[in-house]
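Which chain is which? They are A, B, C and D, in the order written, and residues in each are numbered from 1.
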Amino acid sequence: MSEFSPQLPTSAIAPDRTLNAKTETWFEYPVKIYPHHTDHAGIVWHGTYLKWLEEARIEYFRSIGVNYADLVNLGCEMPVVELSLRYHRAIRLDHHEVLIKTVLKMDGVRLNWDYQIVSLDGQELYVTAQVTLVGIDAKKGKIMRQLPPDITDAITRKT
Amino acid sequence: MSEFSPQLPTSAIAPDRTLNAKTETWFEYPVKIYPHHTDHAGIVWHGTYLKWLEEARIEYFRSIGVNYADLVNLGCEMPVVELSLRYHRAIRLDHHEVLIKTVLKMDGVRLNWDYQIVSLDGQELYVTAQVTLVGIDAKKGKIMRQLPPDITDAITRKT
Amino acid sequence: MSEFSPQLPTSAIAPDRTLNAKTETWFEYPVKIYPHHTDHAGIVWHGTYLKWLEEARIEYFRSIGVNYADLVNLGCEMPVVELSLRYHRAIRLDHHEVLIKTVLKMDGVRLNWDYQIVSLDGQELYVTAQVTLVGIDAKKGKIMRQLPPDITDAITRKT
Amino acid sequence: MSEFSPQLPTSAIAPDRTLNAKTETWFEYPVKIYPHHTDHAGIVWHGTYLKWLEEARIEYFRSIGVNYADLVNLGCEMPVVELSLRYHRAIRLDHHEVLIKTVLKMDGVRLNWDYQIVSLDGQELYVTAQVTLVGIDAKKGKIMRQLPPDITDAITRKT
């Protein structure tokens, strides 16, 4: 297992699927590794993962028919309000490509995402993460009372 | 307080200062806000904070006489193995400058950093974070049994 | 394949023995636009383009059977030694996706890339760019006298 | 001399100082080198320089009493419309700190910046660059007929 952090939180690798508003299966988003992702140690710089997690969220939205840029144009922003990452193994340039896996749980105006970053064959676990977004009314600058129905309907249909 | 996340974890805003290997006071590192830090919502992109936290760690090391690049040249890498952030308030381009405050606790080969990102006058809290590094022997690719004495001595002297 | 992992249109590259070492047609690499690409003005930050140009180069190499990470492992680095960009139109988040087009001309150990960044339908031109790489022997830290034959053969076959 | 590109353009290293709207001396902005600036080759990633050039521009503005964020709030954006860089020598993490030097020439609504990135003692030249900004009226989305008087006055006083 990992040389960095051998104990994986069970909840991260086997998320609870009994809750209602949770996607049943992991959404998968592959990313290729480029020099601009790496640092002097020859591995992916730790902050790069946040870009990949963001991309996976937006592609998940796209997969259920929600276009993030359209939401923004309608005045709905979804900033990150909390995140945590655990690095299990380093990713090197010559790993070529990895898989971002995510599962979404909606909790009112909060969207909670569980993540795993794994090798394409699923045998190596590199990173586990949790990210929480909250819906903001951009005009008022305040948390929304509820997310736009288009999003909640799309998420609910898929979970 | 924050419109995003009103309840702050007490441990983050009043870290325990009774432990031995912990700096007594916050180390402060000011950063200016540039367009490349921001995103389409007009605020600092959430991943930008990881750059600032990294810079603050390296400047902390410099302040106690440890040069991070020298460590690297000696074969000691210190990758991030865990991190968590909570976003309390957005930082905009016209906030001009903020303060990264950090306090370090050494736990064997693990370095645990508590962070606050605040306004220059200390009145606004934007982000709280915790980051854990672990010392790696770059040649062996394994966790060190102990950190180089130069580091531990320097940290101990300051805590 | 996943729609999120675009197939590279290798078929777009037609053999041409008349031009010196220049691909006859543009290699095309689509990129999606994410919040981390943008800045406070709501448009793609100007430095983001360098990431996309790098990705397009590596995908071009992959399309002709050259794996960039393998080159690096063999001690061949290809740093950028010159670049120029001209920004014709801003790219916004709600442009969703654009096309990076590139054509390569080999000049000894120098690789000269011409670029256009255009809309998917080719009707809008956002950016034009030129980038020059040079082959470096990483061990010696010096410019190579000639590129590895695997690369030159692969490039010549495709041009 | 440079191993990458020994011939420096004379105009870049000895810019013409006879023109009117040109600062007489180089504005200097020091930057420290952090892991997030580097790539797998152990050197500063080529796109990182664009961040430093941006920071130097904003600090130059600040030095003549112009606050960039205030300009933005007044509806004046200054996007980059052209840039070119020549890389003379690589910058490594253990170079610790380098100097961004810039000289500004105003040409109507166009601001032309010449740059050198050098070692702190001025003996090593790493990068030369030219960047052109143009003033945009953000509301109209059009190039301004003339820059706001506050900027032109401040620039003229200093040149």
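In the analysis below, contacts are C-beta pairs under 8 Å (C-beta built on N, C-alpha and C of every residue); 3 or more make two chains touch, one makes a residue touch a chain.
Small disclaimer: the values here were computed from a predicted structure and weren't measured.
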item: Chains touching both subunit B and subunit C; value: A, D
item: A-B compared against A-D, more contacting pairs; value: A-B
item: Centroid comparison with subunit B (C-alpha atoms), farthest chain; value: C
item: Distance from subunit D to subunit B - Cα centre to Cα centre, in angstrom; value: 29
item: Inter-chain centre distance, subunit A versus subunit B - centres from mean C-alpha coordinates, in Å; value: 23
item: Approximate Å spacing (C-alpha centroids) for the pair subunit A, subunit D; value: 36
item: Multi-chain contact residues (two or more partners), subunit D; value: 35-36, 40-41, 43, 47, 50-51, 54, 72, 92-93
item: Residues on subunit B engaged by subunit C in the complex (per definition of touch); value: 35-36, 38-43, 45, 47, 92-93
item: Of all residues in subunit A, those that touch subunit B in their complex; value: 3-5, 40-41, 43, 46-47, 50-51, 54, 72, 77, 79-87, 90, 134, 136, 138, 141-143
item: Of subunit A, residues touching subunit C in the complex; value: 28-30, 32-36, 50-51, 54-55, 58-59, 67-70, 72-73, 92-94, 96
